[in-house]
Amino acid sequence: MNFEDIKIPGKLVPDNYLQLSLAARRRRQKNFKELLEKRKLPEHGWKDEEIEALVHELSTLDSNNFSHNIGMGEREARIACNLVARRHYNFGHGIGRSGDLLEAQPKAAGSTLLANLTNALLLDLLQTLGMRSCRGCLLVPMATGMTLSLCLLALSKQRPNARLVLWSRIDQKSCFKAITVAGLHPIIIETLLLDKEQSLVTDVTKFRQEIDELGAENILCLYTTTSCFAPRNSDNVVELAKLAKQMALPHIVNNAYGLQCEPIIAQLEKALNTGRIDYIVQSSDKNLLVPVGGAIVATRDEAMLKHLGSSYAGRASSSQSLDVLMTLLSLGRSGYESLLLERSHNFEYLQHRLQEFTAQAGEIVPQCANNGISLALTLSSLCANPGDHRNALTELGSMLYTRGISGARVVPPGDVKCIDGYEFKNFGSHRDEQLKVPYLTVAATLGVTKAEIDRFFEVLHKCWDQLSKSNVN
Amino acid sequence: MNFEDIKIPGKLVPDNYLQLSLAARRRRQKNFKELLEKRKLPEHGWKDEEIEALVHELSTLDSNNFSHNIGMGEREARIACNLVARRHYNFGHGIGRSGDLLEAQPKAAGSTLLANLTNALLLDLLQTLGMRSCRGCLLVPMATGMTLSLCLLALSKQRPNARLVLWSRIDQKSCFKAITVAGLHPIIIETLLLDKEQSLVTDVTKFRQEIDELGAENILCLYTTTSCFAPRNSDNVVELAKLAKQMALPHIVNNAYGLQCEPIIAQLEKALNTGRIDYIVQSSDKNLLVPVGGAIVATRDEAMLKHLGSSYAGRASSSQSLDVLMTLLSLGRSGYESLLLERSHNFEYLQHRLQEFTAQAGEIVPQCANNGISLALTLSSLCANPGDHRNALTELGSMLYTRGISGARVVPPGDVKCIDGYEFKNFGSHRDEQLKVPYLTVAATLGVTKAEIDRFFEVLHKCWDQLSKSNVN
Amino acid sequence: MNFEDIKIPGKLVPDNYLQLSLAARRRRQKNFKELLEKRKLPEHGWKDEEIEALVHELSTLDSNNFSHNIGMGEREARIACNLVARRHYNFGHGIGRSGDLLEAQPKAAGSTLLANLTNALLLDLLQTLGMRSCRGCLLVPMATGMTLSLCLLALSKQRPNARLVLWSRIDQKSCFKAITVAGLHPIIIETLLLDKEQSLVTDVTKFRQEIDELGAENILCLYTTTSCFAPRNSDNVVELAKLAKQMALPHIVNNAYGLQCEPIIAQLEKALNTGRIDYIVQSSDKNLLVPVGGAIVATRDEAMLKHLGSSYAGRASSSQSLDVLMTLLSLGRSGYESLLLERSHNFEYLQHRLQEFTAQAGEIVPQCANNGISLALTLSSLCANPGDHRNALTELGSMLYTRGISGARVVPPGDVKCIDGYEFKNFGSHRDEQLKVPYLTVAATLGVTKAEIDRFFEVLHKCWDQLSKSNVN
Amino acid sequence: MNFEDIKIPGKLVPDNYLQLSLAARRRRQKNFKELLEKRKLPEHGWKDEEIEALVHELSTLDSNNFSHNIGMGEREARIACNLVARRHYNFGHGIGRSGDLLEAQPKAAGSTLLANLTNALLLDLLQTLGMRSCRGCLLVPMATGMTLSLCLLALSKQRPNARLVLWSRIDQKSCFKAITVAGLHPIIIETLLLDKEQSLVTDVTKFRQEIDELGAENILCLYTTTSCFAPRNSDNVVELAKLAKQMALPHIVNNAYGLQCEPIIAQLEKALNTGRIDYIVQSSDKNLLVPVGGAIVATRDEAMLKHLGSSYAGRASSSQSLDVLMTLLSLGRSGYESLLLERSHNFEYLQHRLQEFTAQAGEIVPQCANNGISLALTLSSLCANPGDHRNALTELGSMLYTRGISGARVVPPGDVKCIDGYEFKNFGSHRDEQLKVPYLTVAATLGVTKAEIDRFFEVLHKCWDQLSKSNVN
C-alpha cells in the first residue's frame, strides 16, 4: 500500500498529522529499498511487524494471490486450510522450477524473490563471518545429510565413472549415509589418536595413500567434516583441500554446525584459498536457530552452484527460505554477531567448569585444539567395577536426561554399528581402535546460556555423587 | 490443561455454570482421544481452534518446549526468531532420526507423534479413496521429483548393479530428472498415438521388447505416470504392473496429482492387486492443497516403506507434516469428498464448454479416455499462415497469462529440449513424432470453481477473436 | 511498502515476471485508494490478507510505531506484552483526544484514521440499509446501555434542569439502567395489550398525558425501543417521533439489534423524516457480529454527533473500531446483505415451524405485527397443575439449556424485580398486569442457520414430550 | 486436552519417550492449577505459548465455542470475521450481565472467569506494590475519565441531592470532564505556588473553607489527583483523606499513572489507613503498558466495588481484561518489579541530565518533592524578545516533535481554555495566576529507556542551540 498516491481526506485525518506519519513511513520504505537493491544483511535487526510487512508484500507478487487469477493448470497453489495459508503467509508455489532450484517461476515472482534474496543474504553473512572467498550460497530445503547426497550426486553427473568417496570417519550416521544414499562407495579413513591430548585428528597420509592405491579416476571426491563431537577434532581441511587441488579431485566439506565457530571459518577460508573445496554444506537449523529442514551450500564458484541447483528434481518447499529470511532480518548482522560472541564466551565457561569438575573427580578433559564447540569428559571412575561399568554409564545418561539435560552424550566403548552394510567398531568414538575410557560429550552451541551451563553442572554433580556412592557399595 | 483436576473457586465462576462448560469440553476431549487412539481421519472437519489446540498440545511434548530443559547438545531446536517459532507452533526438531524418516526421536515425542499421525491419516484417506490394498503411507518432505529419486535410490540399494530405468515418456521435466539425479540411465519409451482419438497411450509392447533386449538383471525398474497433460493418457499401469510382476522387476508410479481422480485410483488398485507396484508417489500440494514441498509415498508392503524411510540421510522438516495434518483435520473425510465431487463436476463442465467452443471454432478436443483431469484443444486455426503460426501461438499464451489465466499451456510443435544430455524432440507432446497441430491444455483440478471456468472462456473467446482477426489481416 | 519505487535487481527476479505482479498489485492499491478516498463500504468483501495489510499500514501511522520515536510523555502507547501488541496490530493510542471521541490525535494519525473511516463506513451501511436521512455515525466503545446513558447525559448538558425521562417499558435491565446510571428519573409507561393478538404495543396516549401532567420543561426526553422480545412489539417510533417534534422534546431510540430488521429500519427512516429523533443507538455486537463492547450512535444532525463525542471523558479503546472495520471489509456490502436475507428467511422459517408446533401442542404464537426478530410460544399446557407450574417452566428452561439451546427464554408470570429502587411487577412481560399464560421466546437473529432451527425443534419436541408425560403423572 | 486420559498407541510414539514428555507437561498443569486456585500473580512471567494455552482453554468454556451450541437468542456471540474471532481468541460474550460488571454470565463461564481472574491478579499486584489495604479491584473497560465519571455517578446514587464536586485543579481535560459528563457541578480549587521551589501543591485550607461555605450535604465528594505534570505536585491525598473522613464526605482519587511510582503508592496507603478514600482510579494503559481503553478501580471496601459494578449499564468488552491478564502473566511479579526499578532509575537519570542542562542554559528545574514522574524545565531564555516569545515556544515544541520526540510539552503562559462552560486561565499551569516563565515538561514513565533519554537530550541541545542563535539574530 502506497499512501503517497492517495488523497486522504481531511475528514479522516488532518493533513499535518498525516504528513509527519508519512515522513516516518519513508524511513521504513528506505529500509525495504535498501534491502532489495543492495541485497545485504541489515546492520540492525528489524521489528517483527517490519519483517511481516515485507513477507506479506512479497507474497502478493505470487499469482495465487492476485485477485483476478484464474487457475487452469494442475498446480495453482490453492491452499485449502486457512491456518496453513496463514502460517505460510499465503506462499504456496515453492521455489525453483521444473527441477532447478535456482530458476525463476513465472507464476511466482514473490517466491522467486524470496528464495534469491535469502540466498543473497546468506552469502553476505558468510562473507562477513570470514568466508570472503565464497561467491554463491544456496539454501536447499532438505536435511544436511540429504544435501550432502545431492552434492555427491551433482559431482557424480560430472564424473559418472568415479564411484568411490574418500571419507574421514566421523561417527554421525547421516553424514555417512549421505554416501550410501547416493549409491556410492565409501572408503573409510580412520582418525588418528594423539596420545598426549587424547584427541583425534585427520589421517592425511592415509588419504594420499588411498588415492594412490585406488586411482584418482575412480575417486569421486574427498569428503571431510569440521564440527564434530570431541574428542574428535575438525578435519584438517586445509591439507585435504591442498591434496584435492593437487590431485584434481573434488572435495566436499560437511560443515554441519561450523558457521558458529570462528576458527573453523578461518580454516575453511584458508582451505578455499590454498586448495580446493567444491561444496561446503552446513545445517540451517544449527547455525541459524530455525526449525530443522534446510542446509546451506556455499561455493567459491557460481557455476558449481548452478550445477547443484539444476540437480534437484522438482520444485521445493519455500518454507525454509521464509524461516531463514525472517530470522536473518530479525537478528541483523549485529544480532548474529552477539549470538556468536555469547557462544564463544559460553564455550570458554563450559571448558573452565569442566576442568574444575575433572580436577575434583579425577577425570580429564581431552585437549582438542581444533574443536571449539564440543568438549569431552572422561568417565573412568564409573568403570571401577569392570563387569558393571556399562550399566553405570547407561544410568548416567538416563539420569541426566530425565533431569532435563538434553544433548549430553555418554559414549561407551565397544558398540558395534552396521550402517547400510558397513560395520563400525566402537561406534561413537570415530575409530575402530578403542579409546582407553568412556566419556561424556557436551557442547556450547548457539543460543546456550550461562544459566543452562550452571544448571547442567548442578545436575551433573548430583548424579555423579549418587553414582559414585552406589559404585562404592 | 485439564480443568477437571483444578478446584476452581466460586469467586472466579459459579460452579453450576462451570459444570455445563466442562461437559461441553468433554466432547472435544473425546474427539482428541478418538483421533489419537484410532488414527482415522475424522468424518467432519474440525474448527480452526480445535486444530490449533491439538497442534499446540503436541508441541508441548517436544523437549525444546519443556520449561526445565537444559540443552547441552549440538542441536537443541532453539528458535531465534519469535515469528518463526510461532508459525511452526514451536516445533523445531523435525522428523526422523539419524537418517531414518520413520524412526522416533527421544527428544521430540511430539514431532514423532505428529509425523506418524499424519502418515496414519494419509493411509486412511488413501484406503477410503479406493486404494484399499495400501498398507503404508509416508509423507516425504521433498518435491515429488526428488521423492521419486529417493525411491529409485532405495531400489538401487537392493539391486546395485541394475542401472537402467524403463520410463514411459511424459514431457514433464522433473519427472525425468528423477532418474538422472539418481545417477541412473533412462530408457525412454515413446507413447503411441491413437489416430482416431488423437490421444497418446503407453506402448506396452515396447516395454516388453526392451526388457528382453536389455536383460531384466540390468533394469532397475519400470517407471510409469498416471496424471498428465492431455492428449496423453494415464499410463496403462495395470498392464505394466502385470509385466513387472511377471518379470520380477520393481515398478514405481508417478501418481503426481492422481489422488483427485477416481478412475486413476481404480486403475492403481487393480494394478496393485493383479501386478506389482513398489512405490506410488504423489504430490501433497496438488492433491491436498497445501504449499509445495512434500510427496506421499504409498506401498502395499510396510517393509518397503521402512526401507524407503531409512534411505533418507538426516532429519527432515516437520513443516510438511504439519500442513498436511492441519489440512486433513480441517477438511475431514466429508470435506475432502466434497472437493473431489466438485472437481469431478467441474471437469465435466470444462469438457462440455470446450466442446462447445471447438464446435464454433472449427477445432477438436482430443479424446482421452484415460485422462480425467487435463483436456486439450487443437489450435489449427492459428496456423493458417504457415510462416507466422509460432508467433500466433506464443501470443495466445501470453495474452491469456496477462489476463490472469494461469496454467493454460500452449504446446507448439517442434520444440527440442535437452535434459541432462538426453534430447527430446517435440518436447511437450510426449513423443518425437510431431502431432498434426499445436494445442492448448487446460485442467480441472482440485479447488477450481465453475466461476473460474466461466471466466476462462470469457477471456479465451476475446483472445481468440482478436487473434483470428489479426490472422486474417 | 511501495515496490514501484524500488529498482529490484534481475538477480532477484526477472523483470518481466515482476511487472505482471506489479500490475496485479495495482488493483489492490486501487481498492485501498478507493476505500480511503470515497469512504464507502466496498461492494464485495476483502480477503483476510488485504484487510490485515490495510490495518497494518494504518498502524504504521501511529507514533509508537515510528522507528525513531522517543517517548517522553506520560502515555506513549508502549505495549509490554508481545501477544497483546500483536492482537491489536500495534495500535495502542486509542481513539479521541482529551475527552472528545471525534477529535484527531497528533500522536496517532493511524488510530484517528481508523476511527473516522469506521464511522464513515457505518454511515454508508446505515444509509444503504434504508436510513437515508442519517448524516452521522459514531461507534462508541461502550455497551449499548452505557452509550444510551451517554446520550442522556449529553442531552442533559443541554437541558440541565429537565431530569425526567419518559420511557416505554421494556423488561431488559440495562436499557432501564441507562436512565438511573445517568442520575435521571424514569417515568415508566407500560405497554398496552392487544387482546386478539396477545401482543404488546406502545401506549402513545399515555406519553402525551404524561407530558401534559409533568410539564415538557421537566422532561429530558422520550426514550423508546425497537427490537425486543415478543410478545412486545417495536415501539411506535413514528408516532412518538411526531410527538417529540410537536413538543420540542428530544427523543432517543434504543435500536439494540434492529439494524438487522428491514421493517424496523423503515419505521426509523419514516420517524426521522416526519418527527424527531436525536440519537438512535444500536449494539455493534448484535448487528455486526463482533464481540460485545460497542454501540453505534446514528443521528440526522452532525452537530448532535459532535456534541455526543465531546461528552465522553478521556480517550477510548480503538479495539471496537478495529473489529467493526475488519468485519465490514470482510463482509462487504453484498456479504452483509446476504446475512440479512438469510436472517429474514430464517425468521419466516422459525415462525412457520413454531406455528406447526403450536398446532400440535395446543398452544399459540402471539401475533406481533411489529416484531420481525423475536417470537413467543405460549406454555399453557405446562400450567395444568396450578401449584406446580413454576417448576415445570423452570425445568423446561433448564432442559433446553443443558441440551445446548442458548437464548431461549422461559418467562414465568409473577416475577417481581427491583432495579435501582424501581419495582417491576411481572418482570419479563413488559407490563405490570399479568399476561394470561407463561411463554417461551426465541429469536432468529443474524447468523442463525436453518440447521440450528431444525435442531432446536428436535430438542424442544423431546423436552416437551418428557415434561408432558411427567405433568400427566 | 488431557493426554493422560488417552491410550496413545506405540505406533505413534514409543511409550518411554512419551512418559518423559507427560512428566514435563505436569509442570505446566501445576502452574495453571496454582494460578486458578490461588489467584495470585505468578512470580515469574509465563511464556507466550503458555499464556495463549490458558486463554484458549478459557474461551472453550463459553457457550459460543461449544460444538453443540444452538443459539436461539438475540445475542449469541457469533463472530462474522475470522480475523476478529482470532484476535479475541473466540471470546465474544463480553463481561458482566444485565448491567452489572461483576455478575457472572451463564452463557459465558470462560469470560466470567477471565474477568474475575484479572481482577484478582490486579488486586494481588496492588497489594504487592504497597496498597495493602485494598480489598477489591475492578478493571472497567472505559477510559480513566469515564471511569471517574462512573464513580461519581455511583456515589451520586447514594447521595442524589449532593451535586457539587470539590476538585483540586489539574489542567488535564478529561479529568475535569469526568465531573461535567456526570452532570455534576465542579468547585475548582486552585493549587498553591511554593515560591522557593517554584512548584504547586494542594490548597487544603481552601478545601476546608469550601466545605464550610457550601455545606457538606451539598457536596458529593472530594476529588484529588496524584500523578500529574510538573511543576504541580501530587495532591496531598493524606490530608484530604483525613478531611473527608472527618466530614463524612466521599473522596475519589485520580491516580492516573501513579501505580508506577512508589512514593505515590505509599501516600495512598497512608491515606487509606488514616482517612477516607472511596475509589482510587488508575489507567490500565499507562500503568500496565496495554493499549488505551481501561481503568482499574481499587477500593478498601468490597461493597463499594459491588456498588460500582452494578452502576454500569449493559455488558462490557472483555478485550481489556484479556490484555491485562496476558500482560500480567507475561511479566509476572518479577517482570513488573523490574520495570518499576528501571523507571525509577531512569527518572533519576532524567532529573540529573536536566539539571546538567539547566546549569549550562541558565534555566531551572522546579523542585517537586511530590512528583516522581514528571519534570519541568523553565524556558526563560526563549522569552528574551518579549514580542516574539510565543513563536519561539511554539517552534521549540514543533521542532522536538518533528524530530521524533513525543510527549514533551511546552506550556506557554496565557492560554485560556473553556471546558463545558468553565473558564481556565493559563491553562496548562494548573492555576489562574501566571507562573513567571514558560516551561517544558518531560516524564520518565514505565518503559522509557536510558537510550531514549540520551537521544532526547541530543535533540534538545540541537534545537536549543538553533533557537538561541535565531533569538540572538
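Each chain carries a letter (A, B, C and D) given by its place in the written order, and its residues are counted from 1.
The working rule: contacts are C-beta pairs under 8 Å (C-beta built on N, C-alpha and C of every residue); 3 or more make two chains touch, one makes a residue touch a chain.
Quick caveat: nothing in here was measured; it's all calculated off a predicted structure.
Think of it this way: of C-D, A-C or B-C, only one pair shares over half of the A-B contact pairs by residue number, and it is C-D. Two chain pairs, A-D and B-D, are compared here, and B-D has more C-beta pairs in contact (counted per touch definition above). With centres set at the average Cα position, the gap from chain C to chain D is 29 Å.
If you average the Cα atoms of chain B and of chain D, the two centres end up 57 Å apart. Look at where the CA atoms of chain A average out and do the same for chain D: the two points lie 48 Å apart. Among the residues of chain B, those in touch with two or more other chains are 20, 24, 48, 52, 63, 66, 68-69, 82, 106, 401, 404. For chain D in complex with chain C, the touching residues are 48, 51-52, 63, 66, 68-84, 87-88, 91-94, 98-99, 106-107, 141-150, 153, 156-157, 160, 172-175, 177-178, 180-183, 227, 229, 256-257, 283, 285-286, 288-294, 311-320, 322-323, 326-327, 330-331, 339, 373-374, 401, 404-409, 420, 442-443, 445-448, 452-453, 455-456, 459. Against chain C, the residues of chain A that register as touching in their complex are 1-9, 11-14, 17-18, 20-22, 24-25, 27-29, 32-33, 36-37, 39, 47-49, 52-54, 56-57, 59-63, 65-69, 82, 86, 90, 104-106, 109-110, 112-113, 116-117, 120. By the touch criterion given at the top, residues 20, 23-24, 82, 401-402, 404 of chain B touch chain C in their complex.
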